[in-house]
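The following pair of complexes shares a single chain, chain A, combined with chain B in the former and chain C in the latter.
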Partner chain A sequence: MEQLVIEIEGRKKVFLPGDMLRGRIRWSCAETPKTAELRLFWYTRGKGTAHSELVEGLRYDRAGPSESHNFDFKLPLAPYSFSGKLITLTWALELDIEGCSDPAVEEFVVSPFGKEVQLNASL
Partner chain B sequence: MPAVRSNVQMHKPPSGIIFVFGLAFTAFSCLFFHFFFKDAKSFFDAKNWTAVPAVVEASEVKSHAGDDSTTYSVHITYRYSLGGKTYRSERYSFFGGSSSGYGSKRAIVDAHPPGAEFTCYVNPKDPAQAVIERGVTKDAIIISIFIAIFFGIGLLMLLGGLSALLRRGKKGGELSGAVPEQGTASSRVTFGEDGSLDEFQISRYAQLPSGEVMMKAAVSPRMKAAGLLLIALFWNGIVSIFVMEAVDSWRSGHPEIFLTLFMIPFVLIGLGMLGGVGYFYLQGFNAVPQVYLDRAEAALGETLNLRWEFSGDTDKISEFIVTLTGTEEATYRRGTDTHTDREIFYKKELAKVGKYGGIRSGTARVPIPANTMHSFSCPNNAVRWRIGIQGVIENWPDISEEFPIVVLPKKLAADQVAAAAVEEEKPWNSL
Partner chain C sequence: MRAHDNPFSTDRLLKLRYLPQNETWDGIYRRLEALRFHAAIVGPEGSGKTTLLEDLQPFLRASGFAPHLIYLSTEARPIKLQRLAAILPQANPSCAVLLDSAELLGRAAWAYCRWRLRNAGGVIITAHCAGRLPILVKCSTSPELLRLLLDKLCVADHSRACFAEDVFLKHAGNIRAALLDYYDQFARV
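== the complex of A and B ==
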């Protein structure tokens, strides 16, 4: 059975801006993948047209059908994860193995307040 | 989670589509121009054509039924003699095609009944070429305006699309395509240490020698008046063409009732725009507030010091209010229109001064809340912070101006910075 897994160190879900994001990825595919990439990105969704921004990427060349790797990313200072009436900004990691199953996505929060910023809470 | 993947990879600004549409608009405009004005160069030559007596043989208004409406054209067959030879022509003007508006065509045909004598203009170099109206016709003006509008829109789309494509090319922001090919076993690609900081909205200010910054309003009343005037002229210019057609139809006894009713809301919008121009024009005579801050930017949790000074007469201002607002803005497309929704998530009154409280100048503290969102901007979405100035004037347009400011992310404490440095050095095998 094909499997793509992203494990964040300590199963952490909330990070401070500037923190190190560490973890491990593993995949098990039926065939040799064409490409294997891990991406750190954020995206907006909500009423406005969605937008995504790639922050950093790791590419694994000559990847075999089953592998596991440690990873680390230094998170930037901004933008924070936030949610308002119109927009939500979410941080995520995406493990994309071409020629295997659907990408694995692990969402997390980047905020200095220990949780996602709620915009309407400040009014 | 395929939904997230599609968010990431599919929602890109349609700059390529805009570019293609722009190309199509400009190309079709040129094509239409060629079709309608292929003989227009004769308009200049015809100034020297010979005036010759002519007789109308037949005349009628021809109607051309389309999918949505019927258009009309003038058809007059006439004969004239030059150099002992008799010629026939059907050309009324140098501008071809048909258009809406029956009345004006009917009037031309009525003025040229069969057997009527009139003067036509003949090309002395080629006597077979003749024309009745050698000047610019009303239809030519209307068609020119339409073609110019479509050409202008096409050109804007073309340039806008091209500019967006170039920006995207520079940024390399496509998520799946941004990781360059490298030959190492596990190559790392970094896209900027400061994340989206470069996307922050830029506040408009001038740095003063005193160290203060003088903020510039987002849009001044005079700019609003000028901008709205341009839009109103454009809008009313287009609308007036159809209004003239409607008036023409009533005067000729063939009233176009549907066109008349259809035009009413467009006329009202045009009048509303002109009213808005008047409002902003009057607002331009108000006293002008200058807003100064001790620095241009502040991080979450910090405080800015604000000072204001009015130039002009402040006696009519009955109340003066300074506010700080945080707004989220989402831009989206509905059909062919682009909309921007705004939602205020933070609003605080920083100062409120009555008529006799010293409106002309004053100071206020601008505490930026600590536990909220910094300024943020990406295509289609933004979080913006503004200082709002409002002066209430009875029986006159109020003073209402906004000054964008930049709110930076919270500054990390020294111990947080040290902890992050230690964390960065930790080995990978800590899992």
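== the complex of A and C ==
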């Protein structure tokens, strides 16, 4: 069975801006992947046009069908994770192995307050 | 309700695909072939024209075309010939050009498009009114269609879905505007 796994060190879900984000990825695919990439990015959801930004990516060249790797990223100072009625900004890691199953995504919070910032937008 | 929990958030709405009304996909494909892949999708705002245009791409690929989709609504207006020259592809018989919002092209710009795309294997446009190319589909909406889309969005709150007809009428049948109205309703919860 094909499997893509992202494990964040200590199963942490909340990070301070500028923190190190460490962990391990592993994949097990039926065939040799065409490409393998781990991406650190943020994206927005809500009303209107969605935005996303790739902050950093790690490519694994000549990847085999089953591998595991450690990773570490230094998180930027902004933007913070936030959520309101009109828009939510979410940070995530995505493990994308082309030629394998759907990408694995692990979401987490980047905030100086220990939780995502709550906006009180009025409509 | 927070934005990422809202069932009417943009990412969820974009997953809704075109639902043929009173016809089948096969019927649309056959008509497109009969029109030699030169056709128009017409209908009012928020009736699914762009969604249908996007959803024709897999069929065009399967028919041996390389689809080239251009959203004219993202261009600065008025759309000048110089800009058109830059965004239109070098058309050849294996290329199918899909022009969304062709009503934004003035008479001269449309004439230029026809000339530039004279060798294209396919030209399919969306427009509010008929007249530029033979009609492939006249998009229309109904309260039933809105209800169907609410079901697809898994809106379990039937007390709100019951008002689909009111929301539909409020926005004069513009399904996009109706769904954004639902977004606001759910955001207030």
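Keep in mind that, in the parts below, the second predicted complex is superposed on the first by the 120 of 123 C-alpha atoms of A that agree within 3 Å, B and C clash if a C-alpha of one lies under 4 Å from a C-alpha of the other, contacts with A are read in each partner's own complex, and residues count from 1 in each chain.
Operating definition for what follows: contacts are C-beta pairs under 8 Å (C-beta built on N, C-alpha and C of every residue); 3 or more make two chains touch, one makes a residue touch a chain.
What you see is a predicted model; the values in this text were computed from it and never measured.
Trainee: Put the two structures on top of each other at chain A: do chain B and chain C fit, or clash?
Mentor: After superposition on chain A, chain B vs chain C: clash.
Trainee: Tell me which partner A:41 touches in the superposition: chain B (first), chain C (second), both or neither.
Mentor: After superposition on chain A, A:41 lies in contact with chain B alone.
Trainee: Looking at A:1, would you say it contacts chain B, chain C, both, or neither? Reply first, second, both or neither.
Mentor: After superposition on chain A, A:1 lies in contact with neither partner.
Trainee: Now for A:117: first (chain B), second (chain C), both, or neither, which partner does it touch?
Mentor: After superposition on chain A, A:117 lies in contact with chain B alone.
Trainee: By residue count, is chain A touched more by chain B or by chain C?
Mentor: So, of the two partners, B touches more residues of chain A.
Trainee: If we overlay the two complexes on their shared chain A, which of chain B and chain C does A:50 touch? Say first, second, both or neither.
Mentor: Touch status of A:50: both partners.
Trainee: If you stack the two complexes on chain A, which partner ends up touching A:84: first (chain B), second (chain C), both, or neither?
Mentor: both
Trainee: After fitting the two complexes on their shared chain A, where does chain B collide with chain C, if the options are 148-156, 184-192, 202-210 or 238-246?
Mentor: It is 148-156.
Trainee: By the touch definition above, which chain A residues appear in both interfaces, chain B in one complex and chain C in the other?
Mentor: 45-50, 84-87, 123
Trainee: Please name which positions on chain A make contact with chain B in the complex.
Mentor: It is residues 7, 9, 16-20, 22-24, 37, 39, 41-62, 69-70, 72, 74, 76-80, 82, 84-87, 89, 92, 94, 96, 102-105, 107, 112-113, 117, 119-120, 122-123 of chain A that touch chain B.
Trainee: Under the definition above, what is the set of chain A residues touching chain C in their complex?
Mentor: Where chain A meets chain C, its residues are 45-50, 83-88, 90, 123.
Trainee: Within their complex, state which residues of chain B touch chain A.
Mentor: Where chain B meets chain A, its residues are 1-2, 4-5, 7-9, 11, 13, 173-176, 178-179, 182-197, 326, 328-333, 341, 343-347, 369, 371-374, 376, 378-381, 383, 409-410, 412, 416-417, 420, 423-424, 426, 428-431.
Trainee: Please give the residue numbers of chain C that touch chain A in the complex, ascending.
Mentor: Checking each residue of chain C against chain A gives 1-4, 6, 8-11, 180, 183-184, 187-188.
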